[in-house]
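The next part holds the structures, each set out as structure tokens.
Each of the next two complexes has chain A plus one more chain, namely chain B in the first and chain C in the second.
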Partner chain A sequence: MSSSMCLRCLKRSLVPIESSLPLTAGQRAAFSTSPSLAANPPKKTAKPTKTNARQGKTLKLTKNKRAATTRPPATGERKALRKRVVLSNTNALDVPGLQDLTTDSVSGVKLRELQDKVAGLGNDTVDALRALEAFKPTQGWSLFRRPASLVRRETVELAELLQAIQDSNGHQVERRVVFGEKVGGKSVLLLQAMAMAYLKGWLVVHYPEAKDMTIAHTAYQPVTTADGKTIYIQPQYTAHLLGNIAKANRGLLSNMRLAGQHQLPVPLPPNCSLLRLVELGANDADLAWPVWQALWTELTTPSQPEQEGLQRPPLFVGMDGVDFIMRDSAYLDSEAQPVHAHELALVRDYADILSGKTSLPNGGLVLAATTGSNRPSAPTFHHYLNRNHAEAHLPTLVSLRDRLRAQAVDAHSASDLNFAELDSLLSTLPPSLADQLHTFRRRAMASQRSNASVAKFLAACDTFQPELPHWDPYLAIDQRVADVMGNVRVQKLQGLSKEEARGVMEYYAQSGMLRHTVTDGLVSEKWTLAGNGIIGELEKGAVRARF
Partner chain B sequence: MESALLRTGFRRAMVACQNPAKRRVARQPRRFFATPVEPQGEASELQSAPDAVYASNGGRAAKSRARAERVNKDRAVSDHDQTFQAAPQIRFTSDGEQFSSSRPSAELIENDTASRRGRGGYGGGPPGRGGAASYGRGPPNQEDDPSRNILRHIRIVPASPSYFTATPRYTDDLLALSALLRKHQLLPLLPPGEAPRVAWKTIDQYKTELAEPIRSKSYNTLLQLLKRLNYIHPSLIPDEVTESLEKYKRDVQPHLNVPNPIIVNQYGVAKAVGRRKSSSAQVYLVEGTGECLINGKSLTEYFGRLHDRESAIWALKATQRLDKYNVWALAAGGGTTGQAESITLGVARALLAHEPDLKPALRRAGCVTRDPKRVERKKPGKLKARKMPAWVKR
Partner chain C sequence: MVFIYGVNFLESRLVTGALTTFYGIGPSVCRTLMSKFHIHTTARVGDLGDRQINSLAEELSTMTLENDLRRQVVDNIKRLRDMGTYRGRRHAMGLPVRGQHTRTQIMTARKLNKIDRRG
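Right after this comes the complex of A and B.
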């Protein structure tokens, strides 16, 4: 039978519309805020309170925590990275026909053929020089394929000097200081001298940075000498130097044996080679100083060529940055007074060799290079550099004056005399002498122009007494330095000549580092911009300039 | 009333003397007009009629009329004819030399009518014959005043006919220059733009000198003449032209202040000075191999920066003459870059002394112009030249 209402309404009528008890939220609706509103507020759980030492606001760096994702460097790694020397650049071109410095080519005559050209260095030589720390990180070795340097006029002169010393069979010792403008090539000249000495079979000892000895970065300890004076030894640095010597002169030292007896804290084997001795000192800082003394005693004993192992070759002793040892060091003694650099044992030994107090019976070359860019104030030393430089040129000036005087005696009037030599000499003299010559030249020219009698010119000659620079008596002189420098020859390193500049620029171009054609104009331009050919500035302007 | 008039008259005269712009032609009193001379009876009739017309003039017309009446009364006694007396004919002199002395002079006039003209009003007789001066037959009652007599016969001849213009001295100048131009207008001229530069007097200076009211238009006309005369070729310019141009030139000719030329001396050295900011440099340039010394030091010793080194010898670098010349410089003042740039300018100037044809190349290289920039001074109320202190609301 059909109902009066629909099925839906029937269903609805069966279910009560409103019940007194409300249905749960889950039955009534999927989402509702009623339960949450009706609920009690959440209970605060008791947190453990942090005991804060500092009350109030504190700096919170939790957000800025440096993520330590990288491995921290090992001890000494950063220093090694800083001081590493890269000698090769594979992107640079290999220069064809680059001749190396070999034992034959290093003789003075042969080297003249290589003058104004760049010569490379062989692998053995490079190893030895690297062991001696002759290459510096600030130099431009990392720009080229392999280490090479320009053979300058001064290089050829050094080669000839080395040859002469070798030929003299131990009777000649040359002591020299090289100074000049910064980036002038002093260190590289020292390096070339070391390379040539190594190739000739000499023993090479090198103090790479005198600064390292005197700025109090290495340990020192006082030692009383036999005559009661206190000197300071630097064991760690001595060990370091001994290590360098051992690595560089391995071949030579292994063939030499001890000539005399030495008192060392450890007993030495009977037929100990010098290499063994040096390595002993290199490995142990406590033994370093006695080993050093023993080594120097050995090296300064005269050579006995007929005995095997007792032949001693000539010695090359080089030092870079010699200004630092010609003043007070940064060390303090027990009274907190500054220790003079010459009171350091290592420095004292070198100073004795440089001044000639300690003789080298087997001959040798003692070469020191000053530093230009890092120059400390050492007034006495610089005064002596200027003085000795002037002293070297004084004879030429005096002889010129005497020659002109002799001419004047025969001549009728002043206008007959020829003063061309004066002009040519003026450019080569050091400034102190050049000023005096300039005054004399002016008087000579005046007498020539006024057509005066010869007597006037002769009077000018008599009054012209060239003098060396004087030390200001109102300043305190460093007597120790004065004693050392009194007898040392001095050489000033000037800029390159135009031919030398051309040679080195051609090498740059062949290496691919200089992208211009090397013409006379370009060479002159770079030469002038380099302050009349200072090689470091030349390299900067030609190779390193980034435009 | 008479005194008041006199005073006004004086005041006007003084103002007119001091201010040339206010010099106007004074309104001539009626007695100088050609008015008919009537007998007494008719005169009164005639004069009564214009009374109404002239009453507006105030007392002045009445006064002059009163004077005329008195005079007419005198004349009416002698002359009964009613004649219109025309003004005496202007007598022109054909004496071309009357202004030749260029100084004011006095001349005696020998004419009857002129003497009669001296008597007030136009009771003048028949027109004069002109010619020789003679003592006219003066009225018997005036012969006893000889000085007054002479004044009637004297004629002042001014120095120049421009006297009769508003700006006599200007007119004289203009005419003199025009005459000069007309005289020398066929002389050859310099090409346009190449006349010697002259600083002519300004109109104010000219007016002050002449003390005359000259319009700028009039002065420009004068300037045109001067400029045209200035164009005459200097090798053919007559002395009179040069002399007459001189007084129109300013006292100080700024274009004459030329710098001394930089010359290459007997030793081949050229010395030049260059300046930049507060640095100055004396540069000696001589032919050589490319060496450079600044204050006794080499280029690298003195300038640590490559840029400064290049700047200092930029003039030589830009013209590719670095290996041809030696430079010896003394630099002082300022800082590194200032000294380097001052040496640039000095080298460029010295190089121009050696090779003047390099000027366009050096200008393109930027070495020729002296950079006028200087450090701006600090001003009060500011922290630096321009930087203001932090703004504060209150």
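Right after this comes the complex of A and C.
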């Protein structure tokens, strides 16, 4: 017989649910509120009171004390580690046929053969540059086997300049500021100039970081000059600089003796060599300033080649980060007013040499490099950089206009004239002049297109008067900086050319740091990505990038 | 260990840090003091010359510092209260004096606004 539900379910439905309880317990309902109603009210348990975060004691971190398991570093150890310069990487390959810069090869003619190639630096040169703190920890020296740098067009020009100064026998002093984009190679150009000057037997003086003088991290003392002004000397930093000069120019200085008498707190031995004098100042901060003054008096006395020990070679004076000295320093005078950088004695000496106020009778090169990545605001200085740069290019622009004008006078109509020169010049000019030329070019092309009369073009020529950048009269100008920069040549460091980029990339490849074949395509690619050949970006893209 | 105005400081201590430990010298007073004696901002106590330390101590002795200053502050508050001013009353009650809202957060007033104010 079939049923609507299974037998198991039928059986379950017949058995009462309460049959699981023992029958002797008595028949009780499943749920009842009687026992709970009859029970005593629940006891209050001690709840933990919520403490007010603002009252009572504050958070204890004594349990979280860090146990010092290692020896703490000695004073100055961390700084030394940060500032150390590594010049060699033994994992990089030795580049075969890497020619060094030698005394012979740094003459302008010979160096042209090395242009667009990388040239190494000899051991003596490296020692001297290391003593002068020319190498910086942020540069890429630690990636290659030994220090080497690209010989650029600007390097060859500098070599020719050094040769010309040497040949002029003390009558020529070149004063120049190098500026440009960050990681553009300004500091390395300065290093190359120092190396070449050293190889030619010049005396090399270098201020590795102008920032160190002006950020008030070294001791300073006021001193009253002969004309009643207060200047500030920095004894410890002067001693440091003297130490660098002594180490780098050891050979030259030991062969020179004092030409004149000097008033020093300690008596000098008779027939004292210049090296002895400089080391005296380097070892004692109290003597540093008088020794510095004595040294500069000696270096700026005219050379006497017939007398032994009184020959004075030409002088190279370099400074990196010159923006820092063209503004107020971080020092305060006794009235808590900021001290201008030019009131610091060391800076004043350099500024006098750069502006030409102090002459170098034995000739020389005064080179200053600005800083790109660490630029402080120095509006007057940057205005003068732009102005002097434009001033250097102004004659070419004016002569171009005059040439076109002369052509136009002879021509029949504007369409006969050739404006190709305008285009080529446009790319080489600084921005302020390029804008003015662009406007003129537009008018010239318009008159050419419309087949206008020559008179219209001549009128355009007459109204084209290129001007240098003007200082905003509503801003206060720093007169001290304006006086220094009025007479200084400036040089803008642009990107590399494609040939130079190829040269440096071939060096990277030969060192084993660039693992590609150097083709024109690769060179173009890296050059473009480096912002049209900015060498620091090129190095980053080719060698430092970690893939 | 160098003595400045009666307190011993470690030679490795910054001069700014050492001077600001005195009650009554904060960052601006410290800056004017150091500029007066041509001490640079990152000078360590061990770098100071004897003459600089002596002139610093001399200058500090002319200034109101430490307990003299504390006494001055307490006297000022007492004077306000004795005159019966609003500010005196607020100090006595430990409430904000400078017109702040008292609906919330008057911790600083509760801590500091007292007649017998310490520090």
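Criterion: the second predicted complex is superposed on the first by the 478 of 547 C-alpha atoms of A that agree within 3 Å, B and C clash if a C-alpha of one lies under 4 Å from a C-alpha of the other, contacts with A are read in each partner's own complex, and residues count from 1 in each chain.
FYI, a residue touches a chain if its C-beta (ideal position, glycine included) is under 8 Å from a C-beta of that chain, and two chains touch if they have at least 3 such contacts.
A quick note: this is a predicted structure, and the numbers were derived from the prediction, not measured.
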| item | value |
| --- | --- |
| Partner chain(s) touched by A:A80 [first = chain B, second = chain C, both, neither] | neither |
| Chain B versus chain C as contact partner of A:W527, first or second or both or neither | first |
| First (chain B), second (chain C), both or neither touched by A:G541 | first |
| Touched partner set for A:L332, first chain B, second chain C, both or neither | second |
| First (chain B), second (chain C), both or neither touched by A:A164 | neither |
| Which of chain B and chain C A:Q221 touches, first, second, both or neither | second |
| Touching partner for A:E181 - first (chain B), second (chain C), both, neither | first |
| Touching partner for A:L10 - first (chain B), second (chain C), both, neither | neither |
| Complex contact set, residues of chain A against chain C | 54, 75, 216-222, 232, 330-336 |
| Chain B to chain A touching residues, read off their complex | 289-292, 296, 298-301, 306, 309-310, 313, 317, 320, 322-323 |
| Touch list for chain C against partner chain A, complex | 12, 31-32, 34-36, 38-43, 47, 107 |
| Of all residues in chain A, those that touch chain B in their complex | 181, 431, 495, 498, 520-521, 524-525, 527-532, 534, 537, 540-541, 545 |
